[in-house]
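For reference, the structure I am asking about is given below.
By letter and in written order, the chains are A, B and C; residue numbering begins at 1 in each of them.
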């Protein structure tokens, strides 16, 4: 909702100060004269980008693992045990089946690990559970090698708090999602938007665990969000 | 090559030797140096204090003084940056826009002129001693001369050139700042002087007399045994 | 609180700053770290100057078409179920937020770090509306508990040390552990988690809004902006009118410039873009979303020679390289926006009357201009400010007289020559061993801090004249 008089008054004033009449249409974003962002890791192969990502994980205090489909269960189980994960919340992602996570979760449950998928039917109970959880598990949609960033398009099956409230964030990164940097991700979002597809209500670019340097510029890893993060790159089938 | 020396008011009055050395270095490389006698100051003290309207008179005077010069060369990055800045000051002035542009294009700081115009990086001088270099702010950031002085110094025989910690930091001079905000300026020059002392250099060299006067003044106040020399003096030392 | 902070006297504030040894020490060491990180992050790209040029180009285009992009943004926010309010003044912005607080009958509000809400004094307005407001950025929380004000726009509690912070936690929150940053941070996490879970409204600032889709973006490391926008059912985002980019593609460039210039990170831990309200079936995120777009003096800057000051992306790179800031600290500026950008912006937003010293709190060394990731000519803006102060007759009379004298002197070669010739004689009474240690008049301030050299025995021009006659020697 918006009061159009309120807006007109405000924007007319801006136009007046700029010494011209109001621009309500016809402004086209120019072709920028330089585009250095496209040169970063240009022509890198997917495997080279995996190496870049691995290096960057050291900088952002994030554990990096790489596996193939066959060994995902072992690596994921080892990760969860390593973080002492007894309570786990995971995105209700269509890929859970494809990556065999459904059956992995089932086997954990047999070992008395409380694994729950995000369930829109139980409303705020999801948050309460996430708050208690040791680990939240998500999939990265687009992975930025340069900054070690996973991108989540949060929605009703993939709540924002899965990657936020638990103590540890574990991210499954399909190797094919890795791109050089934010530039490629933003183009994708921009193009989808231009085609009339609504952008997700929350796009989260996440680079490792939360941290702060507010006390004497000393890095504290883990402030409001997760204290630890593990990325698992899965080679595509 | 004909060169008009722009001495800067500071060197004219306080450090004539810097002017002498500048003249001799230029002559050594075949320049015919003249000194337009009606030159005064570049106008920076008033310009930087916000007295733009009045300063334009000073600027016009200086442009007239050097109207017929082929090159204008001076031993100060800051003052030369001001001369070059006239082009921006007069860019919308129908009478002076063109002249100020041409004027700016022929003004050079000494090391800049040696390296960029005369293409000389080794002036063949000898200077024995432990030396540290302060790159003044206007020389490096406004005029954009970063490498030339170091290239020239690096080729001086016998010199022991030591890096100055946090060299790029301002010494706290800032024209009227040194007087108007003398307490803050004092803190800044103290820090700079401390860094100079840290290097254990015998000589502090720079391309701007004003900064050297400021740092030297603090070193002297503290009884530090560091001699302050202008770049031209080292380049003319045999 | 508003934009103005601390003692009304600039000289007193400077004095307090210089005397505060711990603060100066911590500011200095923080600057050192910021600078080396930023240098590494920009050098690593190899073409930082191209990035800066692109940043400048984007900001210039956006501000020149700011009415169009704000219209597009607001249309898109409304399309996604949000409310948009345009506030010309701080009062209007605060009243709007108060109204939401009352309507929602909100008791507790969590807030993530935001300079614009500091600028308009929003916390006080919320408290007046009867709600509790909790700052959740670690640095801001410390300041809030302590009743203190920020001294830096990225790390607001830069002036406090761990012992002071521990004291504050003990006194205000019954903290009983050590002074290590880890334990202090963990305590904040535990305390603030309770607030997040019980808050009715989350309030955020906005680093950049994306016009093409109505998204607002938060750049943080702690994750507090994420919590403040994921848990409460109502979200209010307050943004300065200039904090906008045309599309997601420009968001990439500006976020990359921001994180590298601010903290030397390729990206911060969290870059979060929120568009409108939560969608059907979503649990996290607000069911009610308000975007408050604030002018508060910014529009007056449009169309003036200072327009590029609105390009600022609040990275603090200029603050981190400023040698004056290093020696006086943030509070000395008397504004929540300290350092070079503060000295440029504060008089524009709040008038010269209370801030006329700020344009002079600089040596014009241009380290700020060189550091700015969007190429704002900060030191040149400071000179423009000085020109305005002079033109409006606000400069000291003595300075005016001196400068008029200077111009006469520098346009009359005969007078110049005369004074050059007699300078040495004139200063003789104060000269000893070629040095003046206690000078007269304006030299007094100089010699309070350092020695002044005696003018030379001979001027350069007289030497040159003699030499031309064949008599000069070295």
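For the reader, a short list of remarks on this structure follows.
Convention: a residue touches a chain if its C-beta (ideal position, glycine included) is under 8 Å from a C-beta of that chain, and two chains touch if they have at least 3 such contacts.
None of the values given here were measured: they were computed from a predicted structure.
Taking the mean of each chain's C-alpha atoms, the chain whose centre lies closest to the overall C-alpha mean is C. Ranked by C-beta contact pairs, the top interface belongs to chains A-C. In this assembly, the C-alpha centroid of subunit A lies 30 Å from the C-alpha centroid of subunit C.
Averaging C-alpha coordinates per chain places the centre of subunit A 53 Å away from that of subunit B.
Counting partner chains per residue, subunit C shows two or more touched chains at no residue at all.
Residues of subunit C touching subunit B in their complex: 14-15, 18, 323-324, 327-328, 359-367, 369-370, 383, 385-391, 395, 399, 403-404, 406-407, 409-411, 413, 416, 420, 423, 435, 437, 442, 445-446, 448-453, 455-456, 458-461, 463-465, 474.
By the touch rule above, subunit C contacts subunit A in their complex via residues 26, 29-30, 33, 45, 47, 50-51, 53-54, 57-58, 61, 64-71, 74, 77-78, 80, 83-86, 88, 136-139, 142, 155-158, 161-162, 165, 181-182, 184-186, 188-189, 192-193, 196-197, 212-213, 215, 221-224, 226-227, 229-231, 241, 246-253, 255-256, 263, 265-285, 293, 295, 299-300, 302-303. Listing the residues of subunit A that touch subunit C in their complex gives 1-3, 6-7, 9-15, 17-19, 22-25, 27, 29-30, 32-37, 39-40, 56, 59-60, 118, 120, 123-124, 126-127, 131, 144, 146-149, 154-156, 159-161, 164, 181-183, 185-187, 189-190, 193-194, 198-218, 220, 222-226. Contact residues on subunit B toward subunit C in their complex (touch as defined above): 5, 7, 9, 11-20, 23-24, 35, 37-41, 43, 45-55, 57-58, 61, 137-138, 141-142, 168-170, 172-189, 191, 213-214, 216-218, 220-221.
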